[in-house]
Amino acid sequence: MVEGLFYLLLFPGLAFQVTCGLVFEWADRKLLARFQRRVGPRWYQPLADLVKLFSKEDMLPTGASDWAATILPLVSLASVLTAGLYVPIAGFTPFSFEGDLIVILFFMGVPTMAYYLVGMSSVGIYSILGGARSLLQYFSYEVPLLLAFSGPAVLSGSWSVSGILEAQTELGPFFLFQPVGFGLAVVGLIGKLKRDPLDIPKAKSEVVAGSLTEFSGPKLALWHLVMDIQAIIGIFLLINLFFGAPVGAAPWIGALIFGGEVLLMIFILSAASSLFARLRIDQLAGLGWRVLVPAGIIQLLFVILMGV
Amino acid sequence: MAKKNGLLFALVDALFSRPETVRYPFGPVSLPEGFRGAIEFDAECCIGCGLCVRDCPANALELIRESREVYQLRYFPTRCAFCGQCQSTCARGAISHSNHIVPSTANPDAISVVLKDTSGGRLD
Amino acid sequence: MTKNIIPVGPQHPLLKEPISVNIEVSGEDVLGGSLRIGYVHRGIERLAQERTYVQNVHLIERICGICSHVHTTTYCYAVEALLGIEIPPKAQYIRALMCELERIHSHLLWIGILAKHIGLEMVFMHSWHNREVVLDIMEELSGGRVSHAANLIGGVRFDMDAEHDQMVRRQLRKLEDQLFGVLDAISTDTTIKARTKGVAPITAEQIRQYCVVGPVARASGVDVDMRRDNPLPPYDKLDFNVVTYPDGDAWARTIVRVDETRESLKLCEKILDQMPEGPVTTRARRKVPAGETVIRSEAPRGEVFYYLRSDGSEYPARLKIRTPTLAALSLMPVQLSEIRVADIPVVLAGIDLCIACADR
Amino acid sequence: MTEVDLLTRLKEVAGESVARIEPINRETVYALPVEKWLNVVAVLTGELGIRHLSAITAQQRDASQGEIEVMVHFWQGRGITFVLTLPGDHPEIPSITAIIPGADFYEREAAEMFGINFTGREATPHLLLPDDWDQAPPFTGRITHD
């Protein structure tokens, strides 16, 4: 009971994930700032933003669904936190079971749906456009992402993340065997997180802030938290699936290596957002279905043949 | 190489060079030689021709006549557009721009200073 | 599909200045748009009639925050034409130098804004970082980053000695060093190309119909440049290329400005090389004899047109200012059709909006 | 096309009242009758290829007379300006937007600032002035300040 509460609230549950999410946001903003020759925020800036937003007035335009706007960020937060429970941190897996990869992917998909619904339940044209775009984008990146994630699963013959980790201790990190799959997973993750260059649903110059245009105060804070935690969970998952966990090392060395891998991933994401211009939604659909999906299928076939 | 990976090169270059941000109120601010701040007035040189008052596009100057030889200048620093016209107009070199930055206000008529001579009429 | 109106402006993250574009969309397709300007109309043409010629120099400077110098230069040439005086050659060269620096600064600003609109915040920051060098040069020379107050009727307000000359050359070399990589990157980058190539093409015929000028016209293959066609001194003694591209799409508009930035850098060096010695001001009377004049000059955004009539007093009788943005804006509703919602920022950026100029 | 040729052609189109008046700076200036204005513009943009409209300047040369002068500035390698004089009490001039779409904004501005009525084009909302502007056009008469 006490142990369960510890897992849920502290590690790897709420407190740890929120902290990691905020650290991710800080690292990301700092890196972006340095790429742009700026100084960047101090380490407590994301937390300060969060506190500030929570203390702000909560407004919604008349006609927007108050019910949807309140419940959807909470549902999203709950699902990303739940997903986080099943993702191993440096090989530490308290709740592992066969098939937890599917559960994680399901829960990770919930915020996207919530984002779509929240846009559609609003009255502003920007929100509606943002919601519609997020669904279109979902169809473009989700299939390549699933194909990329099934690579490690097929190779290790297990649909649990800890099973995939175990397989990697024998075979070596999977990104060596599946570089294409790894690339696809990164692109898919960027799409899932709606980050530059695939921030089409919330492109500032086109649809202001997408579905979240009408949001303010605590609800907006919750959405920011969801995005941050979703990002860090996605990164954790990617590392588990493609880098594996160090074998037989002391826990602190394992944690150190894991932290290094996380930083590398954050660097890749930040650099990608700095280096590429935002795609149009039709270009993304074209890229997704003409390039990424075939590449994913070929990669999967290659993995299946290798397994045989 | 630099051509092909232009943006990547710029990114790495930026990452390993010092940030350009100026921490404005905390660090030193370098002003150029010809910076146009609050004006300074040299009553010794002034002959009271009043051209500066006429040419001022912002109506920031008023000439006060003390006697035939002695003139003072009333200056509204927050009306001033810092254009340098009075300095260029004054044939006797009685008006010059200092490097004192004047903070802006909501009411431009609120502050006025009577400039008597260079040392006493300084705006701080 | 239902039709919706996207209100871009008067306040919108896309815009730095207030303008209202109501864009009719159906899903992701743009059907058309209507335009409303005048949010920053200050009545400068009317105000100018209430001020003396000398005061007007500084009023005119405040038409625009980017091309402020070219406005005062054109105005001063107009007044000097009425006065019948010619300013000393060195003053002409200093005016031209400031004009070219301003062109670099305006184009770099534009490149940054385009990059920001298509989600390349890093290029935006780097471009504006380079622009800062140009602003530093101008501040060092004139004492002001944006309001240079460089012009007087009858000359320029500051002189350039050998030290200034060295400083400008040093800064320009520094700028070249850090700029050319970014410019190359912009003209070869795949994603920028993907977002701008073929977007909202303007034909040369449309350019002529709508009397559009400047880089937008040159990007559609219309070879106009008032620096060459109707040179104010000292452009008649300077040798430079006018960059044109035939494509007419957003990509061509980008490349034209990138190339013009390079061209202007070269021109700055030439101006410095040819800079004569001598005084920088000449005496100008306050009362301007009756008469009228028309002056055309090339601002960073295209042809600036000034009509000035004097009735012999100290106050202008009529001052007419036509800014290049006004011409380009009339073309915008035409461009806002058969594009996607995602192209709106590219189209809006492409014509280099300067609303303060357009409204006056 | 030389200036003499241009003047002859203009006289053919718009009658003998066309006059070449004193040039302004480097511009050649022609005075035209308002009635033939549309025909002149059609000839200019069509066979003469003078298509670039730089600006339209309206002004009251003498406020007491009230006559409004419309100057239309073209550019084709050199500046060509046409001057049309309108009566002050009822200034009316045919719109050229059908021939030169780029004239739209300039005409609207002149209409707002001087109260000139450009005929033959659809009514448009204000371009520069506020929507609720109810005073006289800014360049005619005095503006009352609050």
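For reference, chains read A, B, C and D in written order, and residue numbers begin at 1 within each chain.
Keep this in mind: a residue touches a chain if its C-beta (ideal position, glycine included) is under 8 Å from a C-beta of that chain, and two chains touch if they have at least 3 such contacts.
Bear in mind that the values here come from a model prediction, so they are computed numbers and not experimental data.
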| item | value |
| --- | --- |
| Identifier of the chain whose CA centre is least distant from the whole-structure CA centre | C |
| Pair with more cross-chain C-beta pairs in contact, given B-C and A-B | B-C |
| Rounded Å distance, chain B centre to chain C centre (Cα mean) | 26 |
| Whole-Å gap separating chain A and chain D, where each centre is the average of the chain's CA atoms | 62 |
| Intercentroid distance (Cα basis), chain D paired with chain B, Å | 43 |
| Cα-centroid distance, chain A relative to chain B, in whole angstrom | 52 |
| Residues of chain B touching at least two other chains | 7, 11, 14, 20 |
| Where chain C touches two or more other chains, by residue | 122, 126, 129, 189 |
| For chain A, residues that touch 2 or more chains besides their own | 35-38, 274-275 |
| Chain B partner contacts - residues on chain A that touch it in the complex | 33-40, 271, 274-275 |
| List of chain C residues in touch with chain A within their complex | 4-7, 12-14, 25, 27-28, 115-122, 124-126, 129, 189, 191-192, 194-195, 340-345 |
| Parts of chain C lying in touch with chain D, wherever the complex brings them together | 36-38, 41, 43, 45-46, 81, 208-213, 224, 229-230, 292-296, 303, 305, 307, 309, 317-318, 320, 322, 326-327, 329-331, 359-360 |
| Contact set on chain D toward chain C in their complex | 24-27, 51-55, 57, 59, 61, 71, 73, 75, 77-79, 81, 100-106, 113, 125-130, 138-139, 143 |
| Residues of chain C that touch chain B when the two form their complex | 51-52, 54-59, 61, 122-123, 126, 129, 132, 139-144, 147, 149, 152, 157-158, 181-182, 184-186, 188-189 |
